[in-house]
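Let me begin by handing over the structure; questions about it come next.
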Amino acid sequence: MFASLRTSLRLLGQQTSNCVLKSSTEQNRNLVLCARAMSSTPNTNYDFQSLKVHSPAEFVKHVEMNRPNKMNTMNPDVWREVEECFDKLADDEECRVVILSGAGKIFTAGLDLTDTSLLQIVTSDEDCSRKAFKMSKFITKFQQSFTAIEKCPKPVIAAVHSACIGGGIDMISACDIRYCTQDAWFQIKEVDVGLAADIGTLQRFPKIVGNDSLARELTYTARKFYSDEAKSIGFVSRILQDKEQMMKAALDVATCIAAKSPVAVQGSKINLIYSRDHSVSEGLDYNAKWNSAMLQSDDLMKAATAFVNKSKPVFAKL
Amino acid sequence: MFASLRTSLRLLGQQTSNCVLKSSTEQNRNLVLCARAMSSTPNTNYDFQSLKVHSPAEFVKHVEMNRPNKMNTMNPDVWREVEECFDKLADDEECRVVILSGAGKIFTAGLDLTDTSLLQIVTSDEDCSRKAFKMSKFITKFQQSFTAIEKCPKPVIAAVHSACIGGGIDMISACDIRYCTQDAWFQIKEVDVGLAADIGTLQRFPKIVGNDSLARELTYTARKFYSDEAKSIGFVSRILQDKEQMMKAALDVATCIAAKSPVAVQGSKINLIYSRDHSVSEGLDYNAKWNSAMLQSDDLMKAATAFVNKSKPVFAKL
Amino acid sequence: MFASLRTSLRLLGQQTSNCVLKSSTEQNRNLVLCARAMSSTPNTNYDFQSLKVHSPAEFVKHVEMNRPNKMNTMNPDVWREVEECFDKLADDEECRVVILSGAGKIFTAGLDLTDTSLLQIVTSDEDCSRKAFKMSKFITKFQQSFTAIEKCPKPVIAAVHSACIGGGIDMISACDIRYCTQDAWFQIKEVDVGLAADIGTLQRFPKIVGNDSLARELTYTARKFYSDEAKSIGFVSRILQDKEQMMKAALDVATCIAAKSPVAVQGSKINLIYSRDHSVSEGLDYNAKWNSAMLQSDDLMKAATAFVNKSKPVFAKL
Amino acid sequence: MFASLRTSLRLLGQQTSNCVLKSSTEQNRNLVLCARAMSSTPNTNYDFQSLKVHSPAEFVKHVEMNRPNKMNTMNPDVWREVEECFDKLADDEECRVVILSGAGKIFTAGLDLTDTSLLQIVTSDEDCSRKAFKMSKFITKFQQSFTAIEKCPKPVIAAVHSACIGGGIDMISACDIRYCTQDAWFQIKEVDVGLAADIGTLQRFPKIVGNDSLARELTYTARKFYSDEAKSIGFVSRILQDKEQMMKAALDVATCIAAKSPVAVQGSKINLIYSRDHSVSEGLDYNAKWNSAMLQSDDLMKAATAFVNKSKPVFAKL
Amino acid sequence: MFASLRTSLRLLGQQTSNCVLKSSTEQNRNLVLCARAMSSTPNTNYDFQSLKVHSPAEFVKHVEMNRPNKMNTMNPDVWREVEECFDKLADDEECRVVILSGAGKIFTAGLDLTDTSLLQIVTSDEDCSRKAFKMSKFITKFQQSFTAIEKCPKPVIAAVHSACIGGGIDMISACDIRYCTQDAWFQIKEVDVGLAADIGTLQRFPKIVGNDSLARELTYTARKFYSDEAKSIGFVSRILQDKEQMMKAALDVATCIAAKSPVAVQGSKINLIYSRDHSVSEGLDYNAKWNSAMLQSDDLMKAATAFVNKSKPVFAKL
Amino acid sequence: MFASLRTSLRLLGQQTSNCVLKSSTEQNRNLVLCARAMSSTPNTNYDFQSLKVHSPAEFVKHVEMNRPNKMNTMNPDVWREVEECFDKLADDEECRVVILSGAGKIFTAGLDLTDTSLLQIVTSDEDCSRKAFKMSKFITKFQQSFTAIEKCPKPVIAAVHSACIGGGIDMISACDIRYCTQDAWFQIKEVDVGLAADIGTLQRFPKIVGNDSLARELTYTARKFYSDEAKSIGFVSRILQDKEQMMKAALDVATCIAAKSPVAVQGSKINLIYSRDHSVSEGLDYNAKWNSAMLQSDDLMKAATAFVNKSKPVFAKL
């Protein structure tokens, strides 16, 4: 909402944003501006079995699902770690933005069917009501895993290559931004295994795409859909040629976001999610209350000064 | 969300879904896989004046608006029959998915203006408040007709050819999936006859398309829009060359859905609709409670076994 | 929902709508039908410093942001006038539809950074809580400005040329229909100046576009996006070659709307906005109550009679 | 909200209401004013097995649960009849207010445990998920029975003598006004038979009493509570000495209500129920839309004229 | 939530609150503590025709409905002034709490029936829909009048003597605290004049009392209820012997509140009202965001220091 | 809702409930029925610093705040332990009901003011926005502590003696049932220390009492209120002579609840809380879905059989 007269005049003649992003309609620009090498060392503060956490750039964390031999399938241990990891990232002042990707040949094949925890509940000799109580807790735990991604106030960019199946759709639907490779494909797999999705796909997927008819078709038929169809309905905002290009693009946008005021970015995420789930007037009220404290941030002055000085603002940690 | 390691490995090399659907981006594939002839005999259990109900394939019902000489216009008798028909389909264990189309030259011309029931209320000599009481009941009855389509837990595929006007938009907006022919056109006709739509268009249409600016333009101007514009905003998910091709495609997708676990498919519809009308966290809670019983279904085992055996699972009725 | 048999038959052979609008997929048609010259005299009832109000056609008002030397930036005076202006338009029976545009080189550069009212609150020597109280009032006032656009029951068509930055996005997101020129570009600028948007962008923008991934990317990165990207996500419904063409197109659609029953059009807007913020069943209930009075309008008869007579209906003022 | 100056002056000196009701603090007044004999003949339009419908006074209907040998227990037939009866009453212009009581020794003993419909579902050999689908339909049907009482826009006065157990609490919680005899006792019986109440007690009971601690204690312990405790928490608004006195008092208040404008009374009920389930600002908006038609009623003039003339207004049917 | 160990020890031995209020169960205590004479001069900043605004004590404003010859009836002028007055009080740093009473023989007789503004709409020769549009605006304006009382963040204490009829119930239901005299009586008058209440009674009254059965009886019968019944259902929290005693008690409680931190008191009111209209978890979230700024207030330190020093804290204005 | 004919007949002649509770209106009955000695050994599975957990009877847990020398004040360690304790109790199949009391002279003095964690945030040298972020997390953590009491599906009975101040009100408002001693007093202390309550009082307290006027008075004035006033507004449901009598009464009611079907009791709590926060129709829908699994419990048969056999049913663990 801010742009002074002088600012505005400049806006017309020159680049004012801190970094330059390829809009999806400008596919031939050079991407070198702020990208750094992805080959950074794993962050030793984030010690997980199924996840590897890198720090590819200042304030950027890269969470990599790291069970390539298991096709990054998900079991209760994975959920627990995902929740713990994103709870940590939420509190980590060194983190302002997160990239989420999968190691190995595919992004994720979804639930690990070799895991027997669900089966144990179903096949116990308790009555239906007691199993239902346990099942409800079991599902809720799983849901909390991906909800932790949404509750983390730092933007999360999902970078999907090859297959993203079942629980993978639930997972990336809880992310902020979705990029994928040309060869990526997606599948809302659940009906094929005899159940209705319950970890977020039915809640979040239709609210982030612009074609409800197709969203339902994909849900009821469990058919694969490919990168171009994903883009055409607004599920991903960008298709890159291959994984390398995609990770570069993801890092670009992450680095760009990391350079912004964390008060501004995290406040935006919190209010976007609140507004999705409320009426416009409720969202406005919440936003006004939120900003009544946040506009007292030093970041406004720093951003303004940096703009005038054509320097890069340095924001305090958050 | 389910996909075992072994499963996942196979996923990469072969087709895993029970049936193959043409994604909208693969327009040249052969459609013969599971389609059967559409020329089935009408179902004698569904005896209506204005509707014809066919059973073109196992577990698939085809509801055809059948007043071709009246351009499938709608009057209180039609509403009543639509509500009754979909209430029946909701309880019919032989039905797992429904196709809705129109007989004759067009899909529907909307409200039957030769019907005088509305006029009778308006021109009665009661005071405005008493007319308003009756009008409110009248509208609510009409609304219940199309809401019955939404409340029916079996997916409903609207197959639109030629004109779909006024009440037709309200009707198909309450369906799950919308296909149309190349020559189809649509018109939110209500403002042209002096009223605001009140049977669902203003509620459902903007929530299923991805271009609010256009949705409002179409509402305020009552201008026609054609199949390509309908597809570009996500109102229909697929355009077919002609009615024959469309009915074939609709039957394909219906047959595919009919082969899935009815517990899974119907649970998905119920939760999709619940989630549309609630916040994400409320939707997740409801879904967890729902699945606490539904994951105890035999269908999960049947689906898993069939997958391993490469056989087609046979699910109990529902 | 209304279309009689006879009507319907005609529908197939001839044009039935009161005016013809170019669908976005028919880009070569002639636009001369109902446009009038834009060079009308300012309406003397609307005397503002920062806005100019024209009456380019019967029942059409044109609100022009008129601080071209300040790039149509916004300050508390502008907000106050915008609110006052749209409150007036809401009550003005000569107004049935509004066009909103910007005078000078750009549509708007957003907040006027030379204005110090926000700064005064931040730099006062009160404690954080007291500043927060004042800040909250300040933001709420600003929000009311654009909410007045939404509360005005007459459709508002935003016509954007060149730059639309920061608060401009908030503003046009509160409009009904958005058109832009080929050279238009948009920027959700707020994070670049250290704050989360709080005047409506985070509330309305994601609900009117069909690509949540991109909506968030644009919010977090503050990068520019251009007319084609705006159209592809459904933010604008039409791109015109230049400002002249755009104003002509805006006037066309406005004139078309102005010829419709005001009871129908305004009722549609009120119910569309209510439905956006409520569940489908709540929206239907509200709509039924609303129409229980509105279907007793003379406009229905007038519309029907005019249709039969092929004349243009003349509706009473509202 | 209406009371003119002249009116107001009179208000102080004389009785202005159409009838005089004993406030609960004036227990010694004479009750003869408008009561008529209760021994009217059953209404032949309401032909039910389990219910008897009387017309004890003009515009007053009396619904009597009439299975005294079965202690007015409830089974699917009873639910169906209750729903059908109250749907009829909603449309019956001869009915403006309803009294609900039980024939025989007690008001109702709740669910008929000799009925096996629930058992049949539980003991079928289907899997848990399919039983759950059927159970959900079964419960919903039962819920609709009592919701029909609430949806009927005419006020319903429950008159409880002796025991009101289990489903009886659900039933009278859906009524508008509750009177009981000195010897009446109540029991939220459900936990004692191994289930959580699901027909309305958990939803409505806590919203109509003013002591949540006690409401929960009564729910968890299934202990009896008596008329005085029921009155002290606001569950009943009046205790009468015996059934005869109670029926007289119920008829008094019913006759009083029946003499009022039906537009006013029914609009009040509809808005009270809407407001219970919505925020204050939503309730106000709905009420304003509702009254925009209803204030155009002839009843306002009739009421005003009758007041000036000190006559009894005669309102048109509704 | 605050009470240190040392504090707590003291709590047991002595009075810790800044002022002493008579609990309703301690009716014999002396009320002299902080009351001042009520005979203060009218505040010249609040110049209204129908209202007189006094300043009986520091930070206490007393709004007196001042049309004693018209029995304090309400017309559009009164509404406008009430709204304007409470909007002013909301911004007036000299005001921390408000007392609302009526001059003359009664509190208020409700709507001024000699006012013809409503009649003018009803009897105009427009069609029902156009009247409905105007009626809706008319009602909304009236509603805003009393909603201004609720939106004013300073607590409002209604002090009712003698009659409080119709619109008076709507008005005091929007206040925070209600006291009345022994001889006070109340009447939800609307159905007696042929309409459903629409200015807040149906929305607020049932949410502030603990006996829904009685609330509905009072609404449908329009019968008077007296001070003791009003107290027994929780509508008023205190009955005083006569107007003088009541005004003294109101001033006592007002003076007590005025001595507290305005950040604390006003934040409490804002959050109480928000919580009434939302779920507990939504209320908690809003409260946490609110207090994230408000706990940075100097008032906490001042309150703590004053407590240790046994002095009276002096809080900055708000 | 269940009561067969035979059952019902018996109901009239004899006691049918598993245990006998003193209704508040039957104050002279003997309380010996099922109470056991309170002097049980602490449960070694619950090892906390600030809490002592006893097992006074089968399936009954007694949580005792155990910082008598600190007047059971609360600090971050206490919150953490309360949350952890109730999360454990939620999963503990040996627990079906919980009693919560305070060791030492008073129930609790509220927040521990000697704790400096809040102060550390306030006095850090970060800007207001960053402090606000931390404050928000801090408050949310505290809120989660008491919300864990509400989320625990086992009923929690608060037994309050002597003082219950500030955070104590927040705490017991999250409990199901509240008993207190004759000498108990309560204080919503927050405004006295310069802040608006934010841990649940403003959200839950007004929803569980039946006198909103008094609820607000108590909030704004921070005055003490005593056991009788607490009972008159429905905050506590029972007053006992002294702590020993109260603990006995609490144990009685707890033992009674513990003997019921845990499926029934916990389902009731979950649905009561859901219904408080939703409309009646939403609550009914949720309840139907919930019971679609829960009515398949063995507990129904066990309860029925035990009833016929006049034996005590033994329910499986949950």
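The chains carry the letters A, B, C, D, E and F, assigned in the order they are written, with residues numbered from 1 in each.
Criterion: a contact is a pair of C-beta atoms (placed from the backbone, for glycine too) under 8 Å apart; a residue touches a chain by one contact, two chains touch by 3 or more.
What you are looking at is a predicted structure, and each value in this text was computed from that prediction instead of being measured.
**Student:** Can we say the copies subunit A and subunit C touch using the same residue numbers, with more than half in common, or are the two sides different?
**Tutor:** Different, since under half the interface numbering is common to both chains.
**Student:** Could you see whether C-D or A-F has the larger number of C-beta contact pairs?
**Tutor:** A-F
**Student:** Measuring centre to centre with CA averages, how many angstrom lie between subunit C and subunit E?
**Tutor:** Centre-to-centre distance between subunit C and subunit E: 39 Å.
**Student:** Express in whole angstrom the distance between the two chain centres, defined as the mean CA positions of subunit A and subunit B.
**Tutor:** Centre separation, subunit A to subunit B: 32 Å.
**Student:** Provide the C-alpha centroid distance between subunit B and subunit F, rounded to the nearest whole angstrom.
**Tutor:** About 47 Å, centre to centre.
**Student:** Where in subunit B do residues touch two or more of the other chains?
**Tutor:** Subunit B, residues with two or more chain partners: 128, 131-133, 207, 209-211, 233-234, 263, 276, 289-290, 292-297, 299.
**Student:** Subunit F touches which residues of subunit A in the complex?
**Tutor:** 126-130, 132-133, 263, 266, 293-299, 316, 318
**Student:** Which stretch or stretches of subunit D touch subunit C in the complex?
**Tutor:** Touch residues, subunit D against subunit C: 286, 289-290, 292-293, 296.
**Student:** Using the touch definition from the top, list the residues of subunit C that touch subunit A in their complex.
**Tutor:** Per the stated touch rule, the residues are 70-71, 73-74, 105-106, 109-114, 118, 122, 128, 131-133, 135-136, 139-140, 143, 147, 150, 162-163, 165-167, 170, 187, 189-204, 206-207, 209-217, 219-226, 228-229, 232-234, 276-278.
**Student:** Given the complex with subunit A, which residues does subunit B contribute to the contact?
**Tutor:** 1-9, 11-12, 16-21, 23-25, 97, 155, 176-178, 207-211, 233-237, 253, 256-257, 260-261, 263-265, 267-272, 275-276, 279-281, 283-285, 287-297, 299-304, 307, 313, 315
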